[in-house]
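The following blocks contain the structures, represented as C-alpha cells.
In the two complexes below, chain A is the common chain; its partner is chain B in one and chain C in the other.
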Partner chain A sequence: MHIKSFLNQHKGITSIAILALLIGFLFALPRLGLRVYYMHILIGVFIWIIVASSLRVLDLSGQGSIGHAAFMAIGAYTSGILSKYLGWSPWITMLIGIGVTIIIAFLVAIPFTRVRGIYFTMVSLFFGIGVLAVNQVFSKYTGGYSGIGSIPLLFGYNKTPYYYFCLALMLVCLGLMYRLEHSRIGLTWKAVAQSHTVASSIGINEAWQRILCFGVACTFSGVAGVAYTHYYALLTQETFSFGTSINVFVYMTVGGAGLFAGPIVGTSALIIIPELFRHLKEYVPFIFAGILLLVLFLMPQGLAGLPNQIRRWYEQHSKKTKPAEPVDEVAKRAA
Partner chain B sequence: MNTLITCTVNGLVLSAIYILVALGFGLQLSIMGIFNFAHGAVYMIGAYVTYGLSVGLGLNQWVSLLLSVILVGASGLFLERFCFRPFKSIPTRMIVMAIALIIILETTVEVTLGGVTRAIPAFVPGILRAGFISVDAERILTFGIGAVLLMTLTYMIQMTKIGQQMLAVAQDAEGAALQGIDTHRIAATATVIACGTAALAGSLMATIFSMNPFMGDNILLKAIQVVILSGIGSIGGILAGGLIMGMLNAFLPVLTQASIGELITILIVILILLIRPKGLFGYELF
Partner chain C sequence: MLLEIHNLTKNFGGLMAVNQFSMGVAEGQIIGLIGPNGAGKTTVFNLITGVIRPTAGNVMFNGKDVTGNRPHTLASAGIGRTFQLTPLFTEFTTLDNVVASYYLHPRSSFWGAFFNTPTYRSNEAYVMEQSLKILDLVGLSKVKGERAKNLPHGYQKMLGIARALAVQPRLLMLDEPLGGMNTDEIVFTMDIMAKVRQQGMTILVIEHNMQILDLCDHVVAINFGQKIGEGTVEEVRGNPDVIKAYLGEQNAP
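Here is the complex of A and B:
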C-alpha cells in the first residue's frame, strides 16, 4: 500500500525514473551481448520511430499525410547520390540532404495550404507517387527500380556505432518534438487542427502555421532518411514507395495518434512482434494484419492508450460488482 | 495511322476498366464517405476467383465469370457490415482497416497460389480484321461488356427507386434517413455493386493482360485518379474522367517515355486537386 500511495503522489518522478531506466537499458543492450541481427532490427525501429513521430507532428495541425516517405526519399537520395558520385564525406552530404529536404518541404507546403482534410491527404498521396515518378525519370542518377547501392557508410561494417548513433538521434529528435508539442507553437497547431476558422478569428495565421508544421515534420522525416541511407547503403524504388508511407501512417494510428508515445509504441510493436514470428515465413503478414484488427476492434485509443483503457475498465468493473461500503464502517476502520 | 488506332482501342479498353473500378470506388466514397483502399484487393480477388473456377474447377468460362461476380459481390455484404460500417465516421481507422484487408487478401492468394504471374484464357480468342486494321477480339469484348454494364448501372442509378435513394444518401445521409430511407441497406447495395463491378473488371483485365496478387495496387491508384479528376458524386463525370485517364495512359507512353507519361498524369491530378478540389464535374464533399 505504501508503494502505491507513493507512486500516486509522485507520478512525474516515477514516469521519469521509468523512462531513464528504459533509455539506460537501451544504451546498455550492446554491452549485454545483443546479437548482431537483433541490433540490426532495433536500428530500423529507431529510424522508423523518428518518421512515425514526425508524421504525428504533422497530424497535430490536422494534416493527415499518406505520402510522408517522399520527404525521407528526398533527403536519402540527395545524400546518397552526392556522397557516392562526388565522393564527399557522408557527414557533409547528410547535412546537405537535410537542407534540401527543408527547402523542398517549405516550397511544397505553400500550395498545399489551399486544401484541407481528405483533399490534403489525397494531395500528399499523389505527391509521394510523383516523387517516385521523378525518381524514374532521372533513373540515370537514381538507378530507377534497381536503385543505387554501395553508398559510403558512416562507421564501416561494425553495427555497434550505428546502434548508438541512431538511438541518440532518435532521442534528440523525440526530445525536440516533445518540447515543440508542449510549447506555444504546438498549442497553436492543435488550435488550427480543431477549427481553422476559430484559430484565424483569434489572430493565428493559419496558412503560416500549417506551412511551419509541414516544414518541421518533413525535416524530421528527412533526418531519418539520411540516417537510413548511410546505414543500409542501398536505396531502391520500393524503399520509399506508397506502401512505406502507408506503413508509417499505420504505425502512428495503431500506436495511437492522440498520444506522444503512440508512434513509438506502434512502430516498436509492428516491427518487433512480426519479427518474433519470423519462422512462419510467408504467413508473417497475417500476424501484422492480426495486430491491426485487434487494435481496430478493441482499442479505440491505440496500443499506447491500452493502460488507460484497462485502468478505466477496471475502475468501472470494480464499482459495478462491489457495492459501496456503509460510511460508519469505514469510519470505524479508520479509528 | 495504325499506331493511332491501336492506341485508341487500348485507350477505350483501359477507360472501360478504369471506369468500372472507379465507379465502385466513387459510389462507396459518395454514399458512405469512406476511402476504400481495399477496392484494388477486391478487384484482384475477383480475377482469382474467375481463374480458380474456370482453370481450377474446369467450369465454363462465362459461367465462372458470372459466378465470380456474384460471389465477390455477395462478399460485399460482409465487408460493409463488419469492416466498413464500424469505421465509417473515422477516416484514419478506415485506412488502417483497408490496409489490414489488403494484407489479408494478398497474403492469402500469395500463400495458396504463389506470387507468380498468371493469365485467364481469352473468352473470345482471335483477331478481328477490317481492311488494314487488326484488333484483338478480346479487347472489343471487354469494351462491349464494360459499356453495357455502365449503361445498365447509369440507368439503374438515374431511373430506379433504389438508385434515387442512393443519390439521396450521397447528397445528405441524415436527410435521407429522415425521409425513411434505410441508409445501411443503401450502403450495402452500393458495396455489393462496387465489389461486383470490381470483380468483373479484374477478370476482364486478367484475360487481356495478366494477373498477380499485387495487380490491385496499380488499378486502385488509377481509380483514385479518375475519381479526383471527375469529382465526387457525378456518374457522368466518372465516365468522362475515366475516358480522359484511359486515353492519357494509352497515348502518353507512346508519345514520350513511360516514366515521363506517368509523371505528367500525376502532375495533372495534383494540379486539379490544388486548383479545383471538387474535380471537373463534381461537388465538394467536405
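Here is the complex of A and C:
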C-alpha cells in the first residue's frame, strides 16, 4: 500500500523514472549482447515509430492521410540518388533530402488543405500513387520497379552505430513532437480539428494552421526516410508503396491515435509480435490480422489505451454495489 | 460608429435572407438585434463576421471596409462572437477552450514552441493566468477540468462567452446568449454583459428573450431580412410593425 500511495502522489516523477529506465535499457541493449538480427528489427521499429508518430501529428489537425509514405519516399530518394550518383557525403544529402521534403510538403499542402475530412484522405492517396508514378517515369535514376541499390552507407557494415543513431533520432523527433502537441500550437491544431468555424471565430487562420501541421508532419516523415535510405541501402517501388502508407496508418490506429504513446506502442507491437512468430512463415499475416481485429473490437482507445481501459473497468466493478442505494431511498420517500 | 452596415444584402438562390439592411453600432453601447424566427438575424451576424459573403452592400468596422474579409482577420481586427448552436471545442476541457481562444493575444509562435524559448514560456504562463481570470468572471472555475461536451447547457453558453472574451474584442457579438437558460442563469449572464460593457466593450446581441431589452441602449428589429424598426427600447416596444411581426395583425393597436 505504501508503494501505491507513493506512486499516486508522485505520478510525474514516477513516469519520468520509468521512461528514463526504458530509454536507458534501450541504449544498453547492444552492450547486453543483443543479437545482430534483433538489432536490425529494432532499427526498423525506431524508423517506423517516427513515421507513425508523424502521421499522428497530422491527425491532430483532423487530417487523416493514407499517402504518408510518399513523403518518406521523397526524402529517401533525394538523399539516396544524390549520394549515389554525385558521390556526396550522406550527411549532406540527408539534410538536402529533408529540405526537399519540407519544400514539397508545403507546396503540396496549399492545394491539399483546401479539402477536409475524407476528401483530404482521398487526395493524399492520389499523391502517394502519383509519387510512385514519378518514380517509374524517372526510372533511369530511381530504378523504377527494381529499385536503386548500393546506396552509400552512413557507418559501414556494423549495425551498432545505426542502432544508436536511429534510437537517438527517434527520441529527438518524439521529444519535438511531444513538445509541439502540448504547446498552444498543438492546442490550436486540435481546435481546428474540432470545428473550423469556431476556430476561425477566435482568430485562428484555419487554412494556414492545417498547412503548417501538414508540413511539420511530412517533414518528420522525410527525416525517417533519409535515415532509412542510408541504413537499408536499397529503395524499391515496394518500399514506399500504398501498402506501406496503409501499414503506417494501421500502426497508428492500432496503437491508439488519441494518445501520444499510441503509434509507439502500435508500431512496436505490430512489427515485433509477427517477428516472434517468424517460424510460422505464411501464417504471419493471420497473426497481424488477428491483432488488428482484437484491437478494433475490444480496445476503442487502441493498445496504448489498454491500461486506462482496465483501470476504468476495475473501478466500475469495485463500485458496483453502491449506486443501488439512493434509488431505494427515493422509493421509500415516495411510499 | 464602431460598426456600420450599409444596404447589406444576401441572396440564397431565390431567397432574400437579408435585404438592404443597414444599421450602426456606436462605441460602448449594448445594441439588441431582435426579430421572430427566421428573420435573418443570424445571417446578419454571419455576414458581419465573414462566415458568409454578402451579395451586395458593405460592412465598415472601425472606419475600415471589412466586407467579405475572412473570419480570422475579422477576429484579429477586434470582433469576437459566440455561436447559437455549436459554440465550443467539445473535446477540450473548459480551461483548454479558453486557453485555445487566446491564440491572438499573445500570438502563439511555432518556433517558440519548438525551441521552448523564455518568451514562449512566459507567454504560456500569462495565458494560463488570464484564462483562469476569465473563467472566474463567468463563474466556471469550478468546472475548469470538465470536458466541454459534458457541461450543462447553461455552462456551455457561458463558456462560449468566455471564449469570445478571450479574443479581447472591441465588439462582442452574442448570438442568443440566453437561449435555453433558466432564470438564475439569465440574471447572471446579463450581469456579466453589464460588467463587460463597463470595461469599455461594445456588445451586439441577438435575442428572443425580451428580458435582454432592459440592458440595451438601442434596439434594431428585423423581419424577413428587412429592418422594421429601430430606436430606444420604448420606441421599438411601441412600434406597430414590430408588434405585428411578433403578435400578428389583429393584435396591433
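Keep in mind that, in the parts below, the second predicted complex is superposed on the first by the 320 of 335 C-alpha atoms of A that agree within 3 Å, B and C clash if a C-alpha of one lies under 4 Å from a C-alpha of the other, contacts with A are read in each partner's own complex, and residues count from 1 in each chain.
One rule holds for everything that comes next: contacts are C-beta pairs under 8 Å (C-beta built on N, C-alpha and C of every residue); 3 or more make two chains touch, one makes a residue touch a chain.
In this text the structure is predicted, and so the values were computed from the model without any measurement.
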Query raised in the report: Is A:Val198 contacted by the first partner chain B, the second partner chain C, both or neither?
Result: second
Requested in this report: Could you let me know whether more residues of chain A are touched by chain B or by chain C?
Outcome: B
Query raised in the report: Between chain B (first) and chain C (second), which, if any, makes contact with A:Val115: first, second, both or neither?
Result: first
Requested in this report: For chain A, give the residues common to its interface with chain B and its interface with chain C.
Outcome: none
Report task. Quick one: which bits of chain A touch chain C in the complex? Just the residue numbers, please. Result -> 176, 179-180, 183-188, 190-191, 194-195, 197-206, 212
Query raised in the report: Which positions of chain B touch chain A when the two form their complex?
Result: 35, 37, 86-87, 91-93, 95-97, 99-100, 103-104, 106-107, 110-111, 217, 221, 224-225, 228, 257, 259-260, 262-263, 266-267, 269-270, 273-274, 277, 285-286
Requested in this report: Sort out for me which residues of chain C touch chain A in the complex.
Outcome: 49, 51, 70-72, 75-76, 80-81, 83, 86-92, 96, 99-104, 108, 110, 113-114, 116, 120, 124, 127, 163-164, 166-167
Query raised in the report: In the complex formed with chain B, which residues of chain A make contact?
Result: 64, 66, 111-112, 114-119, 121-123, 125-127, 129-130, 133-134, 136-137, 139, 144, 242-243, 246, 249-250, 253-254, 257, 282-283, 285-286, 288-289, 292-293, 295-297
